[in-house]
Amino acid sequence: MRYMLGQIFSSVRFRIGFSIFAFILLTVLIYPLIITEPPLKTISRGTFLSPGIYVNVYDSIGFSPQYTLLLDGAAERRIAAKLNADDRASMKEWLVKAGLPEESIDTQDTAALLEVWHANFDPTIRLPGMTNADRNYYIRLNTALDGLLATEGATIAVPDATTGALKEQAVVDQTSYVNIYEVPNSRVFPLGTDNFGRDVLTELVAATGVSLIIGFVAGTVATVIGLLLGLISGFLGGFVDDAIIFVTNLFTVIPSFIILILITFSIGQDKRGAITIAVVIGLTSWVWTTRAVRAQVISLRNRDHVNLSRLSGHSTAYILMADIFPYIASYVVMAFILQVSSGILAEAGLSILGLGPRTTEVPTLGLMMNWGMIYQAHILGKWWAYFPVILVIALITFSLNLMQTGLDRVFNPTLRE
Amino acid sequence: MTTPMTRAMLEVNELTTRYITRFRESIYAVDHVSLSVGDGKSLGIAGESGCGKSTLALSLIGYYFPPLHYTSGEIIIDGRTITGMDPDEVRKTILGREISYIPQAAMNALNPTQRIIHFIEDVVLAHHPGTPKKEIYERARERFELLGLPASVLQKYPVELSGGMKQRTVIATSVILSPKVLIADEPSSALDVTSQKMVIKMILDLMDKGIIKSLVFITHELPLLYNVTDDIMVMYAGQVVEIGSADEIVFDSVHPYTRALMGSIIVPEKGLRDVKLTAIPGTPPNLKNPPSGCRFADRCKYVRPECRVAPVDLHETASGRVYRCIIPEQELRTLYEHEKR
Amino acid sequence: MKFSRLAVIGLLLGLLMAISVAPAAAQELPRNETLYFNGQQWGSVVGWNPYSSNNNNAMAITQADSARVIMFETPYLYNMLDGQVYPLLADGPYTWNDAHTEITFKIKAAAHWSDDTPVTAHDVAYTWATHVKYMTPTGAGNVDYIEDIVAADDSTVVIKAKLSDDGTAVNPLIVQAYVSTNYVIQKAWTETLEARANFDATALLADTAEDVVYSGPYHGYFWDESKVIYIRDDNYWGQDASMWGKLPVPKYLAHNIFADNAAGTTALKAGEVDVSQQFNSNVQDLWLVDGLPISTYLPEAPYGIGASLPTAFYNLNSHGLDNVAVRKAIAIAVDYPTIIANAMTNQSATFEQVPRSLMNPTAGEQAMYDHAAVADLQWAGNDIEGAKALLDEAGIVDTDGDGWRELDGQPLRYVATCPNGWSDWQAAIEVVAAAGAQIGIDITTNYPEWSVYQTVVTKSDAPLPEGYDIFMMWSDGAGPTQPWSRIRKLLSSEFIGMTSNWNGNWGGYSNPEADALIQAIPTVTDEAQLKEMYTELVRIYLTDVPSFTLMYRPQSFHTVNESVWTNFPYDGDGTNPPVPPLDMTDGWGIAGLYNLELVNP
Amino acid sequence: MPGDPVAAIAARMAQGMSNATGVQAVYEQYTELFGTDKPIPEQFVIYLRNVLRGDFGYSISQYPRTVGDVISSSIGWTLMLQLPAILVGWILGNLLGALAAYIRKGFDRVLMPASLFLSNLPAFGMAVILLVIFAVNLKWFPTSGGYDYAMVPSASWEFMWSVIVHYQLPFWSIVLITIGGQAIGMRSMAIYELNADYVKYARFLGVKDSKIIRYVFRNAMLPQITGLALSIGTMVSGALVAEIIFSYPGLGNTILTAVRGGDYPLISATTLIITWMVLLAFFSLEILYGLIDPRIKAAQSE
Amino acid sequence: MNMKSDDIILSGKGVTKIYGFGPNRTVAVDHVDFSFKRGEVISIVGESGSGKTTLAKMLLGLTSLSDGQIYFEGKLRDIRTHRQKREYWKNCQAIFQDPFASFNIFRKIDAVLLDCIRLRHGRRLPDEQKVEMMREACRFVNLKWEELTNKYPFELSGGQQQRLMIARIFLLRPKILLADEPTSMIDACSRATILDMLMDLRSEIGMTPIFITHDIGLAYYVSDTVYIMEHGRFVESGSADDVILRPKEAYTRRLLDDVPKLHEEWDLSTV
């Protein structure tokens, strides 16, 4: 056993695959211990918040220690952010169209520009060639210009409980800074939030776990069925073999994904639990295992060691378990690994079609992908809502396949260099 | 050497080659082997499985690819040293033209999806680029018919041929360029006795008809070797243990190992049932880590403490016998006599 | 290699096949003469039969609430913004007789069919007769309220209301809505169709009717799996001075068929779509982030005019949901701002902006009830403490300590559901379920396929099965019978036990007081009395909570890309009457087509 | 089976009706038309009989279109997309696999993990990544559809070009996921063949490496044909997903619409057609294999 | 080799094996008759494809007969049930050609030997007795049980494995031993050891060995009676000396001619 493991781990492929898989598995196990929040909790009002650190504004104004930093150009940076070169050019364009002489407008002199702008801009004027989108843009720009050049601080006021009159509470200077680590309320979203306003990373970890379980269950079902049918078919031969081979051929020719679609659809979304889906995937994907096992068993069944075992008076069941199974165990393990990865892929594929599991308690990778796409994350550039999902799926199946090829090289010496 | 000193077609001096395993271990399967085959002569190489005889066959060709690696020594074919030559040069000018090879497993030696003639074309064109196909075909047909094979074989796929036929096709293909030296590695071991006989006859025909000049024949079947080659060389654990004429080796061997080997021959002849077969206990040494003294010491009946001390050289006695043992020839013969009684 | 040769042959074969599949027709549509849409047509066009509901031909045939489509025309056009109707085929306003039992209007002299024959009163009458004869949805839906439609002469149409025992019209509201919600089909063509179908209803409705005669400005030009194109009829009667006086601007209206919203949004971003009727999530990103020349009817959230009220219904037969405290507790605990922010990506007014009632957020409907009278009943959600107090007060508490409340010893355990793949509804339902968890009511979610869902919900002659405790359905949008019709469908007990109930009140709510008010309103003409009655209905609705609205949803989403066309309708565009954001193919929205201008003429 | 298919049509017809008898009448009309009033086994027999006659009946979601009509308008696109894509993916994959087996060293070390990774990307993942990179961001290719949004199909060169441009992304997304798996299989087969006796023998007779590689490639490729035949079913499913992501007007989208619309006649017919296509591909490949591989020929003539 | 008697231990009438049907039908063994005498050493000689291995499998009861009957100790052999088979296998055992393939590589040597004890003596023996039996068997084949216990068969050399096979037979003490090419896969030098052990075993437990081989020399060396098999039929049989030294049938003669010899000229012209 130790020798065997040594052999297996001597394969670089297996080691890499195993490391990736172990990392994913450990993350799935450990992450929930650190972030205990339920993965499906809606955490943001507003969707697709981009990855970053979110600091509570209220707390950062009122209660944190505030520092005065005498930084040069802080105001310039703020102005540049709120009024960039494009905006200035657009302002000039509007003013020129409104009839002002072009040379009278200096887009570099912010104060002068603003002055001319405030004096002339009227949102109700429709200039020739200006679309409604342009009009909206100028209105938004005009609003953003409010208080742009102000040098005094912002006043925080609280309404009086009885009169409703505003009472000054504090003034936030333009030179006030807070250290975000000192702000008591902050939250990190390494992967932002999704269309439901859920924390993508937390959801992703939970989904990975569920998808792994789906893959594992599907793989187990497929492998058990495939193994049993393959053993029976290969060892017994005759009519049983013919019957099993017929069914196997049937399932080979009919694309299993199509069968999967039909079955999952027939079950109905309301009855599709994650495990149900996994079992259905398993039920439709045993064909390859059956084929492989059967071929192996046929080549084994007339081997001398099997004959010797018979001559020693062992029963068929015993021979299957003791003399055939150990020889194909490595193939079965490899087939199982492949089944797990194809199970995960199948779930994801089904979910993309909207035939995924009904997981309102837990997400799956496929469902996350499906929702991301329904809310057009990929079109709107919200990469964090779909790309990590694809990556995780690819990494899981990649690591499993690496392990499988690693095993293959150990068990199939002809593939060695 | 016991053979009359004709011109040596193949001469090998102290050739050493090794396998490098995927665990980066070296196995010296051919360890300082020297031999010489004269013009018109044949040499048989005998030994148990794993003794290095097949590796020697591969090593003699002078074209190495992993996992087999050339280490030292030289191979001279008709006066031309091929060791140290550029491999591509060897491929173009030596392989198939100077020295050719018949593989052990003829069953799989031909590309299953290629007609025989196309393979012959590839072989000929590799050495004589630009030869018209027609000419190649004519030459192949001629050669095949000369060797008693129907020309129709040329148009067939390997699967369409029986085992014996396949092996004979391989032989005819191997000698299509009339090489000087032919190395045959167990060419008949997978065949029935009848096919075996046809194959052997064909190989001997090659010599008789002057298609090849010298033959190195490798097999573990001693009666066969005795009937085919002039001389026999016995190998044990990567080394030569004894060389001599076929008669000497079979009926009058000196080395204890050769002796034992010859004592285990079974042929359906009168008197066989009265013979007691000899047995050698134990197994050959591991070549990854061979013993420092005589490699046969552990299994030898006549082993002495000094056997294990230092490597034993192959040496020629006054009577012209060549073997690898520290016990003098005469002493061994006495021991054998004693044994018989 | 032989195999690559094979591949090349395969490819060529494939291309050849494509050529043979593709019918030889015209070239590329001129961009400057074509207005592209998305979000209306899903799947390919099936047919052009104005009597059938199975044409899957949203722009040209299928009647929405505001009726008029680009191929067929109603006598009057309804404008959801001002609630008025404007004559189209009709000449001048219609008139009620004094007894309020008959409507009379005239047909414009200029109106003619695409085969140049005039539109007559006989066409109107025969359209109705055919609807009734073959029991089309239109026929079946109105036959209880309209006695007959007759042509007094070639140009005069008289619609006779069905009368109740006391001699008054059963429902004048529906009768009067008919003129703006049902388009006119040519009598001559109808007769051809009937002959072709051998007067068999099924065959008549299954006819694809590509030869149909129409009166509208556009008709089918090309359609396949990937698109449908309509071309302007330059002989359109509407260019007569008695109507618009000119033709609509785009020569072609084209609708590419997208697999989903994502594909549609991509095309919109690329400028391949001018008018988008689909839900584009986070629509503001299109201009704020991507800087595209895209805008909506309103420049800021909610970006459009809400006109329908997607609503969660309670199944009143489920354990505990017959208890008003439970219903109200769930309804007030729901986090509506999150629904609006996440499910609708802020494309809905909040319940602070437009307090909940039975009315949609248009000014016309909002004016129809007394806001102050029901102010203390309205809730804006997120009232967890209030909900808990309500339940505690009703004695619905957690007796066995498992964290969930029980009523009569049985735990309150519900399944909230909506169709699978209806993304915004699903997101909303998730928020509803989350509210349950906070107040100790166990709500799980479940999304059956639409085919299952609609079968279960609409076949309500049997009680709703398990799993449909809280379920989402729509309610009526804007229209000439609103808000009465919407209220009827939310509250009227007349729909309980129908074989196939496509109307409303699926939860089985029954309140004689509400029924009486609903019954009475259509015949009431006094504004003040109406307002009082509507206010009373709102009070009942907010008190009994048989269902609760989750968000406001526009009748049509209306997002436009101004890279080719401009002067689309927007709030405050100065049009009079105002052009509603109804994607310019329905109702008064079609007026927008006449105002379009090219950005780069 | 969930949902009453006829109810869907009836419901569409009945939308807005408020009198029960009218709805009931409509419902019964369609029940009769679709034969759903008969017992299930009888329905099945009738269906089978009709299918054998090539009549798949009416589509429910697109009534009154027939299933045959719906499928025939999309099957051409699917054939045109998938057949070449799978073949090209197969050929490229085999070439790369053979190269990896022969060159080994650096090439192999980079190419193998890369192919493995590629082949492990889910089909939709590959499609989405290509879509985002090449269509949404770089705008080199259109995002959806089978031809230009502004075009009307015609036998013109512009139209053909538009079809080809729209073809690229779905095509390559199928090709790329096919390549990986094929390359891995080919590499193992080629290594196996490279160790075969005939390679050694040919080398010893001085045959050039380039020739030997040709032997190996050919011999390793033959089993790959069977592999292609066996896995074509799997590939088709990936290809269907690619069609859906790119809104390609093929069978993938037909299935999706059918599933969403609960359209049983359409679902079963599409399944049947795809199975039939896979079967056809399967048998043509088997026959092709028998023709190309002399070993099979010999075995058959025995 | 003087244990001959006229007591027939195993005989067959019209024994036939047909594989496949239709165009794939092959007759592997074609109505052969035989009667093996108790205590004699019997060889069945044939080239590959002659049907000798199929016949061996039928004799062993590993393959069913398509036609004909096999009689064991004068009675019709009946091995339809597993119990009957076990009973038969107590009396009829085998040694296979390839020692490396004959053992389950996942089972330890002890298990292999214990199987034999169980088959012979049932399960009730005390452990010490079992160990003693294994020890004895190993001693017989010149192996040390202490060195074998807890080892796997594949850790032994080919010759040792074949000896282990013989130890198995020693424990089982069958009446018939089918040796299917027992020495063809091992080196010439170990061949004698194996053959000697088999002969010792024969005298020790009084069994009837049946050699199945392609090597006519080996057949001559070990056996009393030789059967020559060609295309599923016996073409010649008789005492070893008669068949080998004075062959009657042309096939036998050809077979003998084709074998290279040491003391006779090998006539290559006959090809």
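Lettered A, B, C, D and E in written order, each chain numbered from 1.
We take it that a residue touches a chain if its C-beta (ideal position, glycine included) is under 8 Å from a C-beta of that chain, and two chains touch if they have at least 3 such contacts.
These numbers were taken from a predicted model, which means no experiment stands behind them.
S.K.: Quick one: which pair of chains has the most contacts?
M.R.: Top-ranked chain pair by contact count is C-D.
S.K.: Going by CA means, which chain is nearest the middle of everything shown?
M.R.: D
S.K.: Find the geometric centre of each of chain D and chain E from their Cα atoms only, then give the gap between the two centres in Å, rounded to an integer.
M.R.: Here chain D and chain E have centroids separated by 56 Å.
S.K.: What is the distance, in whole Å, between the centres of chain C and chain D, each centre taken as the mean of its C-alpha atoms?
M.R.: 38
S.K.: Among the residues of chain A, pick out those that touch two or more other chains and give their numbers.
M.R.: Residues 265, 268, 354, 373, 378-379, 381, 417 of chain A touch two or more partner chains.
S.K.: Multi-chain contacts only, two chains or more: what residues does chain C have there?
M.R.: Where chain C meets two or more other chains at a single residue, that happens at 260, 266, 421, 448-449, 452.
S.K.: Where in chain E do residues touch two or more of the other chains?
M.R.: In chain E, no residue touches two or more other chains.
S.K.: Within the complex, which stretch of chain C touches chain D?
M.R.: Residues 1, 3-4, 6-7, 10-11, 13-15, 17-19, 21-29, 31, 34, 36, 43-44, 46-47, 52-54, 56, 135-141, 143-144, 201-202, 205-208, 222, 224-227, 229, 254, 256-260, 263, 266-267, 270, 272, 421, 448-452, 454-455, 458-459, 494-495, 498-500, 502-503 of chain C touch chain D in their complex.
S.K.: Give the list of chain E residues in touch with chain B in this complex.
M.R.: 47-48, 157, 159, 187-193, 195-196, 214-221, 240-241, 244-245, 254-256, 258-264, 266, 268, 270-271
S.K.: List the residues on chain D that touch chain B in their complex, please.
M.R.: 196-198, 200-208, 211, 215, 218-219, 222, 292-295, 297-299
S.K.: Touching chain D in the complex: which residues of chain B?
M.R.: These residues of chain B touch chain D: 61, 63, 65, 91-92, 94-97, 100-101, 103, 105, 107-114, 119, 122-123, 126-127, 157, 159-160, 170, 173-174.
S.K.: Hey, which residues of chain E end up touching chain A in the complex?
M.R.: Per the stated touch rule, the residues are 57, 60, 62, 82, 85-86, 89, 93-94, 96-98, 101-107, 112, 115-116, 118-119.
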